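Both complexes below contain chain A, partnered by chain B and then by chain C.
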Partner chain A sequence: MADLAAKLQLYFSYPFVWYALIVGLLIALCSSLLGVTLVLKRFSYIGDGLSHVAFGAMAVAGITGLTNNNYVVIPITVISAILLLRTGQNAKINGDAAIAMISVGALAVGYLLMNLFPSSANISGDVCTTLFGSTSILTLKREDVILCIVMSVIVISAFLLFYHKIFAVTFDESFMKAAGVKAGVYNLVIAVITALIIVLAMNLVGSLLISALIIFPALSAMRVFKSFRSVVICSAAVSVFCAGAGIFVSVMFGTPVGSTIVVTDIAVFFIFCIISLFTRRKAL
Partner chain B sequence: MKRSVSLISLTLAAAFTLGSCGQKASDTPNALIDAIVSDAAGAEPNPSAKYVTADSDPNVDLDLTAMNSTMVYSVIYDIMVEPEKYYGQTMKVDGFFDTVTDDRLGTRYFFVVVPDAAACCSQGLEFMLDDSKSYPDDYPETAADIEVKGILDRYDEEGQTYYYIRTDELKVL
Partner chain C sequence: MSIQLECKDLTLGYEGSAVAEELNFSVSEGDYLCILGENGSGKSTLIKALLGLKPQMSGEIIRHGDIKVGDIGYLPQQTAIQRDFPASVREIVISGCLPKCGLRPFYTKEEKKLAGETMARLGITELAGRCYRELSGGQQQRVLLARALCAAQKMLLLDEPVTGLDPKAQTDMYELINELNKSGITVIMVSHDFAAATSYASHILHIGAHRQLFFGTTADYLASGVGKSFSERTVSEENG
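Let's turn to the complex of A and B:
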């Protein structure tokens, strides 16, 4: 126990561990807020689709040789999110088909470009790091943390500012349009915020596991709570707890960061399922 | 009230973003980070000296052999990015041996390479034995597991500064 405490003190004396914790908690908070809306709008897989688009965009950015990939990744991901989400329920290609099409296409194009125009000697390492996050979260610089803080403030503020409209467009978009409210604008806001979160979250858990960050906290909260507000609050709390616990376990015991966070999310989901059995029985 | 707070937050965020575009990053996010990360962690260039664990070598400042693979990879990355923080520290690291030659300069370099937890990425730290040692007689085979213990030193070559572990202790595991 004393040795564990000594290791804890040692590891958390490094600034990069704190940077990982700050960024991880902020990303978890932001993704959980959007997760409730996306799950209810049946766009649960949007995280996966957009992360694959971001993967393809990173391959394109590698070819251009830009020092900061975000100049290419963020615009392409935002445009893809707008195409997928802004059209809402009346798209000619249904949501799941559109996501699958763009997702698989971007992944294939990205991997092809990375092989044809490699930006480093270790292609599989680059791919593995992008897909699974690897130790990216523990190699952040202070500037990355500042960027994450700023983008998180933007996302959280936008969510608070447009809370009631997001609520309305989540549950009854058609009624919203009939009432004269511009549902398309709020779909656009959701799309842009989702894209920003996806790009941020790729550093934490990688492309393949982003959907877990978005889906699991929302689904866990929905097992127990019924109102939109309480689901959002619980989802945020669960997501932040799981991200913090996952990073802590990963740092202390040497497990991969992304998958540890997702496994923690899964464990909490099962706990909430058990809790829901008791609460349902009590209600009866 | 909530809308006002949100509008103010959005305005502040936009201001920070614009400010960050300049050469000097905004002071407020930096102050926030400093408040969260302890001053000791940022100011102390030698965090490991204070915290000796049961399986760490008390005779070195930074014993990477006592850390798990996730932390080892991350610390070495930190050494690569901010080597001046670790300059002059004694360190112990294990990994596999690798060597490369710069044909243009005719110089051979030796590395201890450490993979990350998933073994898909790796970081290498250059090391040098004293001049009395020669390659290949006094060095192990490529990809052999080794442990290097020495002091982080630096040298200049063609206008660039490079950091390496100066050691006379190379153990083949």
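Let's turn to the complex of A and C:
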């Protein structure tokens, strides 16, 4: 036990461990806030789709040789998010088909570009890192951390400012439109915030596991809690706890950060399922 | 009684093809108008047009006096999303006040008070902390009705308000709507329930395939025999 404590103390004397922890907790918080809305709006897969877009954009950014990939990735992802939510309304191509189309397309183009213009000798290693975010969170620079903090502040304050509107538009878009609320504007806000979160989260868990970060805390909270506010608060708490626990475990035992966090989320989900069995019985 | 809403030669449709043509009717303060029509007669298109969500192809909708777009409390049909939505009754009812908020991020004390009073008025105060998805169908409709009343106090537009309810809950819902109407709220209800329409409503608008079959008071409607075929068909469908 003393051995473990000493090891922890050693690790936390390095700034990059602190960076990882700060970025990890912030991303977990942001993604869980919007997760509830996305799950309820039947947009669970938009996280997956957009993360593949971000992967493709990352490949493009790699070729252009910019110092910070985010300058390319963020705008492309935000535009795709807006387009995806737009097609959902127009229904010429169904929402899920549009998501599948864009996400698979971006994945293929991204991988192709990575192969045609390799930025390093180890292509499959690069791809694996981008998809699963294996160690990139431990190689964050100070600049990345500051960007992450700024984005998180934007996401969290936008969520708080629009909280009631997001709830109302998620629950019943047609009623709000009838009452003169510009539902389209708030859907746009949701799309933009979602895209920002996904770009941020790519650093932490990689593009394949982002959906997990968005949906698991929300699904866990929805098992047990009964009002929108308590679900949002619980899902944020669960997400932050799982991210913290996951990062500790991965630092201590050298497991990949992203998948460790997701496995923690899955474990909590099952615990909440069991709790909900008992509370339901009590209600009857 | 002053006219609140008037439709003149209104034609509605999608992408150039009309689904309902030449609708002429008006709604006055305190009326209880029931819009009867079979599926595909353009009822839902008419609702969207009345709410100001869809432009008409020709003709006009005139909103008189203090009724503007957004001043009609709307009770939509339930969506699949709502059935498993984790939200408390209080949260849903007060969301009816949202249109008044504009850019203000939080509700004021008056709005919270209005939500509380509306819940008391519809007898759902004790449900305030309950989860929406655990309520019965009738209770859920009351919650949505309370929300509509928070949004607008003069006119309600109800889209098939008793669909999916058991007979007892249907009667309760109709009685509640009737009480609201008696207290001075104008009610427009879309339905295909002939019996309820003729026993509660003061006016009937009957839309057939593509055209208006009747508009007038309920007594005239019953005397005219327009509804006769409809009622017989409904009865025979229910029996068959």
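Everything below uses one rule, namely that the second predicted complex is superposed on the first by the 278 of 284 C-alpha atoms of A that agree within 3 Å, B and C clash if a C-alpha of one lies under 4 Å from a C-alpha of the other, contacts with A are read in each partner's own complex, and residues count from 1 in each chain.
As a convention for this text, a contact is a pair of C-beta atoms (placed from the backbone, for glycine too) under 8 Å apart; a residue touches a chain by one contact, two chains touch by 3 or more.
What you are looking at is a predicted structure, and each value in this text was computed from that prediction instead of being measured.
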**Clash or fit (per the criteria above) of chain B with chain C on chain A** = fit
**Asked** Regarding the shared-chain residue A:83, is it in contact with chain B (first), chain C (second), both, or neither?
**Response** neither
**Prompt:** Looking at the overlay, does A:271 come into contact with chain B only (first), chain C only (second), both, or neither?
**Reply:** neither
**Asked** Given the touch rule stated above, what does A:145 touch, chain B (first), chain C (second), both, or neither?
**Response** first
**Request:** Identify the partner contact of A:18: answer first if only chain B is touched, second if only chain C is, both if each is, neither if none is.
**Result:** first
**Request:** Tell me which partner A:231 touches in the superposition: chain B (first), chain C (second), both or neither.
**Result:** second
**Request:** State whether A:9 touches chain B only (first), chain C only (second), both chains, or neither.
**Result:** first
**Asked** Looking at chain A, does chain B or chain C touch a larger number of its residues?
**Response** B
**Request:** State whether A:160 touches chain B only (first), chain C only (second), both chains, or neither.
**Result:** both
**Request:** Quick one: the Cα-centre angle at chain A between chain B and chain C, nearest 10 degrees, please.
**Result:** 170
**Item:** chain B versus chain C as contact partner of A:255, first or second or both or neither
**Value:** first
**Message:** Looking at chain B versus chain C in the superposed three-chain picture, what is their shortest Cα distance in Å?
**Reply:** 5
**Asked** Just which bits of chain A does chain B share with chain C as contact spots?
**Response** 160-161, 163
**Prompt:** Once bound in the complex, which stretches of chain A touch chain C?
**Reply:** 40-42, 160-165, 167-168, 170-172, 174-181, 222, 225-229, 231, 283
**Message:** Quick check: in the complex, which residue numbers of chain C touch chain A?
**Reply:** 51-53, 69-70, 72-74, 76, 79, 81-82, 85-88, 90-92, 95-96, 98-99, 101, 105-107, 129-131, 134, 144, 147-148, 151-152, 157
**Prompt:** In the complex of these two chains, what residues of chain B are touching chain A?
**Reply:** 2-3, 5-7, 9-10, 12-14, 16-17, 20, 25-26, 29-30, 32-33, 36-38, 40-42, 44, 47-48, 50-55, 67-71, 73-75, 77-78, 81, 116-118, 120-122
**Fill in**
chain A contacts chain B in the complex at 2-3, 6-7, 9-19, 22, 122, 124-125, 128-129, 132, 134-135, 138-139, 141-143, 145-147, 149-150, 153-154, 156-158, 160-161, 163, 250-257
